[in-house]
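Right after this note come the structures.
Common to both upcoming complexes is chain A, partnered first by chain B, then by chain C.
So, the complex of A and B:
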């Protein structure tokens, strides 16, 4: 018998709307950490915030790639009804619990349709404002500080290359526990 | 000799069909005389949505969209990890949830005989009688067209 399924959002419509609002706030104010008010009961390797974002945004039209194992994929297929992509390159949403795939390997969109690019969700060990990276760009008045623990060492260089591909490029949502922060492709990032 | 998996699926298909055709009140009425259902958690729903019903004329006609059917679905999980699903036509959330719990409980060999005898078989008998009565009423209005053919 396969691993038992767990419930998704307690209030599927309202909770997804609350989560969508939090993702919207996070994207509009890069580097500001948002706490999600409603969380699903996600299977083990999935962070609650990452699971909530996928339940909110993924559907039958968005292939999802994830490295969190068969139980998490089955849970997501059941609750979101999304196809599971065989490789990160084919995915609209990619979720990395371990080492994230290289940003350049994900779908970048096209010059005509940059919105067709992928969104990468990375589960990090911790998120904190007030230290770490200095973020500047649209949605930030002077600068925001964001500390994300547990990302691979070359992430800043990869992010600079991703930023340079604008309007193409990947958006990143960092998730830790029940909190998330977003790095849209317009954000410039300097190591603090 | 069929393999046990096919046999289990056929039995499950039968009770799921019978439960889907019974109203929530009918199922609840039968449950009063049955052993108590185990505790369950809702995995999804009950929630109501639309399903596109597709049809085709004859065995080789091209498929076409017949229309949308209101469907209520529910999935539940028992404490032992068994999962029950129900998709029922209409908006009866109670029917969908009871049918899902029964589907999960009926997969347990220890509970199956008692529940089959107390709930599913009486419902099947009732539905067969209702179908036979409807068929008899329709048969009374049947028109035989052979006289038209012999008039010429």
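So, the complex of A and C:
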């Protein structure tokens, strides 16, 4: 017997609007950490910020892949109405609580339709501005510093390859607790 | 299972046309969903916007909805604004630089009614500025979003009418056709004969139509601290320029881009820097030049007596 589902957004219309603005700001200013103003009661191990992003953006048109277990998948299916993808390669949104899938294995879009690429949400241990990577590119005046704790060692090299595939490529949203930061494919990343 | 069961009654009421049932506490019509659009449409536009921001200058197709305004009234810009706007925002709407045209007033009232948002005519106070044909003279800052109403998003459409072909050109960054056109302009007229919608390169990769703003405004797009969003309703395209992104008007080394401005001062505020409209003052051919940006001009006029006294 399944446990009862925890609630989604308290005020679906307003909460989705506020969360979208935080995600839009994050994508427009890569590496700036945004605190989400409204959070659903997501089942562990789904981080509240990752759950809020998926409630804001996912629906019947967007297959979601996640490694967070059956309770999280059931919660998401119910509150977002999204299909759960069998593999990360088929997903519009992929969510990794554990080791993320390789960026090159996700949908890259095409040269003519680079927007048809996946967005990868990665739950990390912590996010902090002021140290760590040096980020440059669109959305960044000079340089943003971002420390993302808990990513696999090969991530920087993977990201360099992803950036080089522009205009194709995956966009990443890093989530920690109720906060997030984005890395659109345009962002150049140097180890700090 | 709907993601947002609570929103259903409001959407249904909106679909019926929604008579005036103003909800005094929220200041917005009770019969409309926030921002007029239903939640499915907003989610689709929001996903489109995020991909547009991630690929600066690339036109992303979207499922444009019918809006209660005819095309040409900025239905693309309105849908973008509707997907973004919330109760914490303060909205400014300009048409050719002016806040008081029928078009600008209608759009402002529309959002005050369906989103319950505060509105303003002051560029400085606005969090979202929806615009047709101008960028305000007052420099935009971080925290602001400018939404352009775009009639034709494809910069190559006069040169290559086949959509599939323009898509291929963007994929290959093959913009030779546009360079040839500009070069022919220079050969024929001694300069590029484009004063509106002058094509730009975004982040060194995508050729982009800056909506029909005057070329005078093009330099304001370059490394602008505010986020720039573009909505084309009829053509069903959304594109974006993130903050601090390079936006370069196409030119040649021996013929650098030169923004055009009437060589005059504003008759009302004396500005030598602002973009000017020519206004006929009588039936004997009298003409003056005044700022196209009404907020900028009013602000300068209001400041002048004090400046003179100091």
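Before moving on, here are some points about what is shown:
Going forward, the second predicted complex is superposed on the first by the 192 of 192 C-alpha atoms of A that agree within 3 Å, B and C clash if a C-alpha of one lies under 4 Å from a C-alpha of the other, contacts with A are read in each partner's own complex, and residues count from 1 in each chain.
One rule holds for everything that comes next: a residue touches a chain if its C-beta (ideal position, glycine included) is under 8 Å from a C-beta of that chain, and two chains touch if they have at least 3 such contacts.
Here the structure is a predicted model, which is why all the values come from computation and not from measurement.
More residues of chain A lie in touch with C than with the remaining chain of the pair chain B and chain C. Looking at the shared chain after the overlay, A:171 reaches chain C, while chain B stays out of its contact range. When both complexes are overlaid on chain A, the residue A:23 reaches chain C alone and has no touch with chain B.
Looking at the shared chain after the overlay, A:4 reaches chain B, while chain C stays out of its contact range.
By the touch criterion stated above, A:12 is placed in contact with chain B and with chain C alike. In the superposition on chain A, A:184 makes contact with chain C only, while chain B stays out of contact range. Contacts of A:79 after superposition: both chain B and chain C are touched. Counting contacts by the rule stated earlier, residues 8, 12, 78-79 of chain A appear in both its interface with chain B and its interface with chain C. Across the complex, chain C is touched by residues 8, 11-14, 16-18, 20-21, 23-24, 27-29, 55-59, 61-62, 77-81, 92, 110-112, 114-115, 117, 119, 138-141, 166-167, 171, 184-186 of chain A. Taken together, the chain A residues at the contact with chain B in this complex read 1, 4-8, 12, 78-79.
For chain B in complex with chain A, the touching residues are 41-44, 47, 75, 77, 81, 83. Touching chain A in their complex are the following residues of chain C: 1-7, 10, 33-35, 39-40, 42-44, 46-56, 58, 60, 83-88, 167-168, 170-172, 203, 205-206, 223, 225, 227, 241-245.
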